[in-house]
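Have a look at this one.
Chain IDs A, B, C and D follow the sequence of writing; residue 1 opens each chain.
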Amino acid sequence: MPGSATAGGFLLVLAIVLPVAGAMLSLVLGGRYAERIALTVMPTGVVVAVAIGAIVWRTHNVLQYFVGKWDPPLGVAFRADGLSATMIVTAALLICGIGLFARAQFSLPRCVEERAPLVFWILLLTVWGALNAVFIGCDLFNLYVALELLTFAAVPLVSLDGRAETLTAALRYLLFALFGSILYLLGAVLLYGAYGTLDMVLLSGRIRAEPAAWAAISLMTSGLLAKAALYPLHLWLPPAHAGAPSPASAVLSGLVVKAPFFLVVRLWFDVMPRLPEHAVAQVLGGLGAAAIIFGSLVALRQVRLKLLIAYSTVAQIGYLFLMFPLAVKPEPGHPWSTAAWTGGVLQAISHAFAKAAMFMAAGLIAEALGHDRIAGLAGVGRVLPITVFAFALGGLSLMGLPPSGGFVAKAMLLTAAVAAGQWWWAVVVLTGGLLAGGYVFLVIARSLADAGEPLSLISTISPGRQVVVLVLALCAVLLGFVPLRPLELLQIGRPDMAIGGVR
Amino acid sequence: MAFDIGLVTLVLGVAAWTIGARETFAAVVGFVAYGLLLALVWVRLAAPDVAMTEAALGSGLTGGLLLGASTRLARTDGPAAIEKPSAIMRLAAAVLCTLVSAGLAALVLLMLEPAPTLAPRAMANIAATGLSNPVTAVLMAYRAIDTLLETVVLLLALVGVWSLARDRVWGGLPGPYHRADPHGLLTFTAQILVPIGILIGIYIFWVGSVAPGGEFQGATVLAAMWIIASMAGLVDAPPVTRRWLRLALIAGPALFFAIGLAGFAIAGGFLAYPESHAKLLILMIEVPVTLSIATTLALLVAGPPERAPAR
Amino acid sequence: MSSALDVLTILSVSTGAFFFLAGTVGLLRFPDALSRLHALTKADNLGLGLVVLGLLFQAEGFPVALKLVGVWLLALLAGATVTQLIAHIARMRGSTM
Amino acid sequence: MTEGTLYGLCSAVLVGLGLFGLIMHPEPLRKILAFNLVGGGVFLLFGVVARKGAAAGLGGDPVPQALVITGLVVAFAATALAVALLARLFQETGRATLQADE
């Protein structure tokens, strides 16, 4: 049985209500206020997120809330364990950074309402609320609604400029996402039919190794993979993430694709910890490895900066799935299994910061130059030193070089692979790092090259925006300095894992 | 049972037609029929609430939307211009989908009978909600958070649709213009049908607390009436920047949130209702929610602003 | 008493079903749009009317009977309007559809 | 075989049919149509589960029935968004396909 609701559980409700209420208020008050509302909601939301994290950290227990006082299976529960709390704080910090950055681009005129700014702020706030709903959701159908909310907020962000290419990208994204939702829903109904509940905690106690459970986990995982753009279901991602306005790209690449990944982790490790077979996990890892190699190779051949970063996202998503063959059976709770799990989650977080910073840096460069052709970047390092530096810091994390969050994450995956005797994953991690080094170096070397003649900028970039980008990139780096003890936060509420196994 | 077998055959036949039809328009017509047949299936499965939603929303409004789209996109280049997937691809997909079907069929045959159910729990607690239709009790009490998020989903879909307007028509009127013909038959029909339809919509919503029906079904009927009236040119959509329109759109979710939050104070939890006032509070939520859903559905069908605002 | 009503219901609904069948055959076999529409609406309106009439004998109470008649009237209205619109388009295109 | 099982088999075939359309149809509008068709099949499976869970004097478990109502509304919202995207794409390019320009 799930425990009772815990004190402070109302914070979970606030984490959803605040951003969504902000979005509705923006719609009603109109464009002139949308930006101000968003900028008011953001610090409040960060306070809520940090409070959730602090409570989970201090009490060393999960935060739980039964909506309407109806306990599962009849009602719907919200639940925040260490992993949820970490994701919520990550999302809050990133959304704030992106919001501050986007002010210059989506600032609102005082007299008439304009389409793009109004829509952008509403969508940004809703993405945030939907992400929080995914991170604390505990009921498979409630999570379906949250995922759809996330999709409907994310898709229009892609086509905000209304060009034919971005419209095509948005439509393709939507179709992939709908395909994914249908498979997910099909899995959910099979579970309900077999076990009479959709609550994850109850399900984890009832589930047995039988055909219905097998079919459900395969269908749901496949659906979520389409939404997470894991190779070979990645086709929609590069045009969508590269075509969106840069703050939107940062949200999409940094946060939105992490939501379906988060749910796969939940399903595999929390709902059905004893179910997945090693062989199936190897397949997932294999797809991850293919994504790393393919994404990185294609990124190397890109002509445009934003597309390069988007293909790098395809590759970095691959790393997330390397944790499955290493952390799933045969021995959950084994030190290497915990290391792999933690490494995978840390990769999700550090990539979120690094990739958001890199997309926004690319946005600034494109704004200054009027284009984002990699061949034409020479001299940018001189005019936008902070931006290029931030891009390089983000790149550090992608390559997995110290000091960075990416380094710790990849080192953990590497250690786990070696310890588990599955050396082939270690080869993939190292190769992926080298290839990432290649495409990041390509950009940095270009930017630092001598232009020969002074660059003609079409607009100047305020230092404030560059600093925001730098701060996000620094967050990715700082994750590498976090002592390992706080990583125990991630383990709170996870029955199967040996706490301290990461040491 | 003979009736059920006949119905299943029809449903499958129409579904195959919808997937296989050469013309998109024909496929859409097939889809509308498919929806109506599914509504019958829902009646056979003892789910009249779902049957009404399927007929009104799944078949009616979705069908209308797709019909409109198929005629609008009719001038697109013919099938010849579009690359057909190769025969091998088609074969692979066919094998894959057959496997999915076969697997699902096997699972259906393996399903427990009787299946695990929440019906006894839903009935045991229904007194606390003041409702007597268990489906409405699930939607408005036990799983009210789903319904609340769903109203937000609809709103967001509308923001998404509006975001597809061209910049110069922002603030303009949604959808194409329909000129009224005061002596036309459509105008005549609309004048008779719309008042009756509004009455029926309100009735379906009202009866939802005790009998099949509810806010989604009622709101869909109301939205359909607005669409008919606008097709006849009797009403026109307001400019999307109108404050009252925006208020009508968010009234439902906003009140839902407000009463949910008030639950912290009066019933000790988000979206909890004190037993003595549960029915009243649920009604207070349902009225604006019906209004907001109806407005949102109608505007979703109308599409993004297309006509520049009169300045 | 009730068995007499049952007989009436069976007769009426069966006749109604026959008209539906006839209408459908007409829709499939008649040569041009206008006569197809004619077959369809004539037979269907009559068919539905007879089905409703048959069900009236089984109705429990006045409100249910009123709803049944309402269904028929609304179907008549919708059918007539749609037929008119289709016929209009058919004539404008001058085709046999 | 009960009627529930019969409709369950029907939904299994519908899902397969719809998925085939969703994957294979090159035109986006047909994909959207197929998505709705699969949706109908999946929802039907909810209905079958509900029917098999008939208890407490009810003809079916009300929880999955309510979920279907929510699901139908979400599917409509998805369809409306997809159709609007497609219509705008058509306005911009005169085409309603997903072919890349490259």
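Going forward, a residue touches a chain if its C-beta (ideal position, glycine included) is under 8 Å from a C-beta of that chain, and two chains touch if they have at least 3 such contacts.
Small disclaimer: the values here were computed from a predicted structure and weren't measured.
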{"item": "Pair exhibiting more inter-chain C-beta contacts, A-D or B-D", "value": "B-D"}
{"item": "Interchain centroid distance [CA atoms averaged], chain A/chain C, Å", "value": "57"}
{"item": "Distance from the mean Cα position of chain D to that of chain A, given in whole angstrom", "value": "28"}
{"item": "Centre-to-centre distance between chain D and chain C (centres being mean Cα positions), rounded to whole Å", "value": "31"}
{"item": "Chain B and chain D, separation of their C-alpha mean positions in angstrom", "value": "12"}
{"item": "Two or more partner chains touched - positions in chain B", "value": "104, 107, 111-112, 115-118, 122, 142-143, 146, 150, 153, 156-157, 160, 164"}
{"item": "Sequence positions of chain A contacting 2 or more other chains", "value": "74, 141, 145, 148, 152, 155-156, 159, 162, 167, 186, 190, 192-193, 196"}
{"item": "Junction residues of chain C, two or more chains touched", "value": "none"}
{"item": "Interchain pairs in contact, sorted by label", "value": "A-B, A-D, B-C, B-D"}
{"item": "Chain C-facing residues of chain B, complex", "value": "185-186, 188-189, 192-193, 196"}
{"item": "Residue numbers on chain B that touch chain D, as the complex places them", "value": "1, 4-5, 8, 11-12, 15-16, 18-19, 24, 27-28, 31, 34-35, 38, 41-42, 44-47, 49-50, 53-54, 57-58, 61-62, 65-66, 68-70, 72-73, 75-77, 81-85, 89-90, 93-94, 96-98, 100-102, 104-105, 107-109, 111-120, 122-124, 134-135, 137-139, 142-143, 146-147, 150, 153-154, 156-158, 160-161, 164, 214, 216, 293, 297, 300-301, 303-304"}
{"item": "Chain D - residues contacting chain A, complex", "value": "15, 22, 28, 31-32, 35, 38-39, 42, 45-46, 48-49, 52-53, 63-64, 67, 70-71, 74, 77-78, 81-82, 85-86, 88-89, 92-93, 98, 100-101"}
{"item": "Residue ranges of chain A touching chain B (in the complex, touch as defined)", "value": "5, 10, 13, 17, 20-21, 23-24, 27-28, 30, 65-70, 73-76, 112-116, 119, 122-123, 126, 129, 133, 141-142, 145-146, 148-149, 152-153, 155-156, 159-160, 162, 167, 186, 190, 192-197, 211-212, 215"}
{"item": "Contact set on chain C toward chain B in their complex", "value": "74, 77-78, 80-81, 84-85"}
